[in-house]
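Below you'll find a set of structures to go through.
Heads up, the next two complexes both have chain A, just with different partners, chain B and then chain C.
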Partner chain A sequence: MVILQNIINGLLIGGLYASVALGFSLVWGVMNVINLAHGAFIMVGAYVTFWIYYFFKFDPFVTIPFSMAFTFILGYLIQKYLINLVVKAQVFMVFILTFGIEIFLMNISNLICTADFRSVNPRYAGSGISLGGVLIPYIRLAICFIALFLTYLLNLFLNKTKTGNAIKAASLDKEAAQLVGVHIGRIYTMTFALSAAFAGGAGSLIAMMVAISPYMGGIYTFKAALIACLGGLGSIPGVVAGGLVVGMAETMGSHFISPGYKEFIGFVLLVFILILRPEGIMGKKFFAEVKH
Partner chain B sequence: MTALVFLLVETAFGQDVVRLGCSISLTGKLTYEGKATRDGYEFYKALINKKGGLNIGGKKYKVDIKYYDDETNVQTSTKLIEKLITEDKIDFILGPYGSGPSFATSAITEKYKKVTALPMAAAPEVFERGFKYMFGMIATTDIYLRDIFYLAAQQNPKPKTVAVLWKNDLANKGLADPVPQFCKDNGFDLIYNEKFSAGASDFSAELTVIKSKNPDIFAFLSQLEQFIIGLKQIKDMKINAKIIMNGIAVPQPDLIKSLGKDAEYMVGPTHWYRTFKYKDSLFGDSPNFVKEFKQMFGYEPEYHSVGASAAIQTLGIALEKAGVLDVEKVRNALATMNVNTFWGPIQFDEKGKIKGRTMPVGQILNGQYTLVYPPELAEAKLVWPKPAWQ
Partner chain C sequence: MMIRHWKWIILGIALIFLITAPFFLSGYWVRLLTSIFMFAVMAESWNILAGFCGYPSFGNVVFFGLGAYTTCILMVKLHQSFWVGAIAGAILCAIYAIVLGLPILRLKGHYFAVATLGLSEATKELVTNLDKITNGSEGISLPIIPGDVKVIYAAFYYGMFGIMIVTILFTYWMSKRRLGYAFQAIRADEEAALVTGINTTWYKTIAWSVSAFFTGLAGGVYAYWTAFINPEGVFDVAITVKMLIMTFLGGPGTVIGPIIGAFIFEFLSEVVWSTFVNIHAAFLGVLIVLVVIFMPGGFMKLMKGKLSLSYLLANIRENRI
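Here is the complex of A and B:
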């Protein structure tokens, strides 16, 4: 029964991890930008949920569109007025810039929200269903489903809309996409804004599980990088696979080896996958081609 | 000597100033604790300066504190301490929050033979290096949980089994290390003892195993952030231990603010409490400390701020006792100190650790951290067993 419970735990947390890595993988895959501010957008999304929940008593799940809209606008502005200025420079420059943005967002949040730990704790927190002795908390179940639904929505957007196809085209071949009329600057701005919006959505979900503080995001940037590499850069199904693999590996590793090696197990897995399949579980070679 | 005194003392607006230095977390993960510690230092500074300052060798010196933000990074903290000593020429250092930073920064102050007062260094390892220039104001982690285990053993029916899940850092390792001995002393069976990594934010796998073992006593040992996450998941998993304890976070108001009624009945020790009966001429008694601190900073202090005030006050007393701004003399004044302050009796052992401090036990009852042990300080009786999760 314990093992069954832990399989469920691994799947539930894996779904959430997928949503955490979604935007990160998109930006890396399309723009070749390793966005170190990704965790900060998650933090901003978590705060939007917290404040709406706190002031207006909205159900935290209802706040997801608000946090996505807020982080979309924030991401749009940051890309348009900051990252687009250096996107043609060496990768290292963008790397430093996103690191700076992360520090800025953390400190501005510290200034506005203070460093107090906050929590979104709705009335139904802690309740769940019991199936033959296996407990499934409602919140975790809902978080997993919404995370997977958001992933599905992004996949749909990329495959079925004109803008989505333009984003994919830009990731495949920037120059060819420009030749057929794709405005790369606009597409990059849209991609980054979308990535921030999905990070904000993940932040809303995470807000229900953790303690919210201005410095909560760093660990998620780390996790997103791991999942994106595992799943394959820019590949949406790959992100889902990566999230589930990391969730299951951490849970099973904790169960069979020791909780102390949880993070370690994730990275050992990454090394093995990169040796056996360098493009990631579902990555394709044309995603995240090396750009200069 | 004259040159040294010249470096140590600045004259501002015709008033002599004794300069103290501090590298503390004002941004990063430990911002909350860092700011609370800084406010404790600032509270003392405001009060002592209002009284005209410290009386050192018959002359009044205002207290000034130079702060640097270590961004919750131990490497940065050690560099900043070195900067305070070598560039800012400060000889008297106020410690940061936490065992890890205290462990690292005290190695620098020891290297330069500068006095450091450590308000929140709790890991026993900090005091096991034969250092002579540091002084710790709080009990070390090896006794934090001792009285909680003792209290649990007095309950009827007596609990039998214990599970411990602890964060793998210096402070929480110090809390977890003596648990097997506490179990032995009180006749408990330790059925689960595992650590988790410092960055962990999901404990569902560990809690699943703990639930299957159904312990009577559950110690979840971490700082506040992970305790909040842990408690949410403990509730999700419906772990109904008769007592759930934590060594650090229970007296912190943010626990109740974050979790509301879900924080109810949590048990944890504290270094200080408003029912402490000690008093002195600067702060008065504990209720007066709380009142005046709240007037100045707009929030009620808990042990981080109070411990910081006690640390800087102790350093101030040593400076007055030494009568000169000489590091060796101030160090000797601290080593031989025997005074009573609002924090309690202050005396240090040969390792620089405060003598005779115990850890009163509190439980969150009706939305307030309330002392339940020892009987002479207790405001209520321990609620046992903890009611099951709703």
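Here is the complex of A and C:
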């Protein structure tokens, strides 16, 4: 029974991880940028949920569109007025730039929100269903479903809309996309804003599960990098697979070895996957080509 | 000709100042300079692999931590002298880099970066969990060195200074040899380098192990200097990021660039720290953003041209989309 419980826990957390890595993978796949500020967007989304819940007593699930809208605008401005100015410089300058943005966002939140741990506790937080000895909290189940639904929405957007197709085209071949009339600058801005929005949504979901603080983001940036590499850059089904693998590996690792080795397993997994299959589980070659 | 002349004079004055500094500067400045030397060593070592070979590692802090831990464990648990500990730590780091470098250095670009990041985090978790040997997250304390504090700080000052000079001289020597040319060939075009008969994997591994050796040495001295280490402190990713920022500030792939970067960055963060106590980190973030946007080539490039508003704006015009 304990095993079954662990499998369920792993799947539930894996769904959430998929939404955490979604935007990160998209930005990496399309723009070839490792966005260190990704965790900071998750943190901002979590705080938007917290403050709306705190002041207006909205149900935390209702706050998700608000935090997504807020981080969308934030991401849009950052890409348009900062990152787009240096995209043609050395690849790693952009990396340092996102690091600067991360420090800034973290510390501004620290000033505004203070470093206290905060949590969102709706009425129904404790209730759940018990299926033959396996306990499934309603809120975890809902979080997992919404995370997967968000992932599905992004997939739909990329495949069915004109902008989505333009983003995919830009990730396949920048020059060819420009030739057929795609404005790369605008596409980059859109991609980054979307990525930030989905990070914000994931942040809202995380706020309902664990206590939040301005410095919570770093670990999620790592997890996002791990999942993006596992799944294959820019591939949405890959992100879901990667999220589930990481979620399962973590819960199984803490069950069979020791909880202290939870993160260790994730990182060892990352290094091995990179050495053995750099294009990820579901990545295709063109998604992951490194050009420099 | 005149410019060449000035460079040497400035270098000489700087050297004399740094050699005599502990005699007239206060303890605060001696400590600050010691930590600047330490970061200069690490930025320069990072530059050997990243700047010369074009392989930016995001896990180099792993050698700092390993060096520090090896030194501490040898001194506290096995009662060896500091010298044995520091040298053993540095050699262990070099071996670690060779063993892991052979598979990891086959990766390129971002993949290499993320793999090294994973490597350093995995090592940190391992050190935290092996609490029988390492005391886990509690950390290890070293015995306090008896004697006059001023003399001890001066000793560490000269120790770090010495390591920095050795690292610079080694990098300079290397950059003028076959080794350095091979590194630069790998950076320019790895396949072409392979075709001309350079064993690229082996050369990259050498570069990483040299880089690991010096970083580990700095870690060992750091452990003895602060007399307390824990996994969170010595395996901090922020240290890797600092090496990176310092190198890019100064100019990657040059001998003296990372050293200048280390001095500028540490002084700036110290000034920002003491003037804007509450928002120093946010301010540091803004500073990084401004430097990246206006001077993506680093300070070495700036020194070659003239500093002017149009130079800064030209950078934006060149790199924006």
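The definition used in the following text is that the second predicted complex is superposed on the first by the 289 of 292 C-alpha atoms of A that agree within 3 Å, B and C clash if a C-alpha of one lies under 4 Å from a C-alpha of the other, contacts with A are read in each partner's own complex, and residues count from 1 in each chain.
Methods note: a contact is a pair of C-beta atoms (placed from the backbone, for glycine too) under 8 Å apart; a residue touches a chain by one contact, two chains touch by 3 or more.
Quick caveat: nothing in here was measured; it's all calculated off a predicted structure.
Novice: Which partner does A:F117 contact after superposing on A: first (chain B), second (chain C), both, neither?
Specialist: A:F117: touches chain B, not chain C.
Novice: One more residue to check, A:N107. First (chain B), second (chain C), both or neither?
Specialist: So A:N107 meets both chain B and chain C here.
Novice: Applying the touch criterion given at the start, work out whether A:N9 contacts chain B, chain C, both or neither, answering first, second, both or neither.
Specialist: A:N9: touches chain B, not chain C.
Novice: Touch check for A:A211: first (chain B), second (chain C), both, or neither?
Specialist: Once the two structures are laid over each other on A, A:A211 reaches chain B alone.
Novice: Is A:S254 touching the first partner chain B, the second partner chain C, both, or neither of them?
Specialist: Touch partner of A:S254: chain B, not chain C.
Novice: Where does A:A125 make contact in the superposed view: on chain B (first), on chain C (second), on both, or on neither?
Specialist: first
Novice: Please indicate which partner A:E263 is in contact with in the superposed arrangement: first for chain B, second for chain C, both, or neither.
Specialist: It touches chain B and chain C both.
Novice: Do chain B and chain C touch any of the same residues on chain A, and if so, which?
Specialist: 106-107, 110, 222, 258, 260-261, 263-264
Novice: With touch defined as at the start, can you tell me which chain A residues reach chain C in the complex?
Specialist: 28, 32, 34, 82, 84-97, 99-108, 110-111, 184-185, 188, 218, 222, 225-226, 229, 258, 260-261, 263-264, 267-268, 270-271, 274-275, 278, 290, 292
Novice: Using the touch rule from the top, collect the residues of chain A that touch chain B in their complex.
Specialist: That would be residues 1-2, 5-6, 9-10, 12-13, 106-107, 110, 115-119, 121, 125-126, 128, 135, 137, 139-140, 209-211, 213-216, 219, 222, 250-252, 254-255, 258-264 of chain A.
Novice: Quick check: in the complex, which residue numbers of chain B touch chain A?
Specialist: 27-29, 31-32, 35, 72, 165, 168, 194-197, 199-206, 208-209, 212, 224-226, 228-229, 232-233, 235-238, 254, 257-260, 262, 389-390
Novice: Write out the stretch or stretches of chain C touching chain A in their complex.
Specialist: Touch list, chain C to chain A: 56, 103-104, 106-111, 113-115, 117-119, 121-122, 125-126, 128-129, 237, 241, 244-245, 248, 278-279, 281-282, 284-289, 292-293, 296, 315-316, 318-321.
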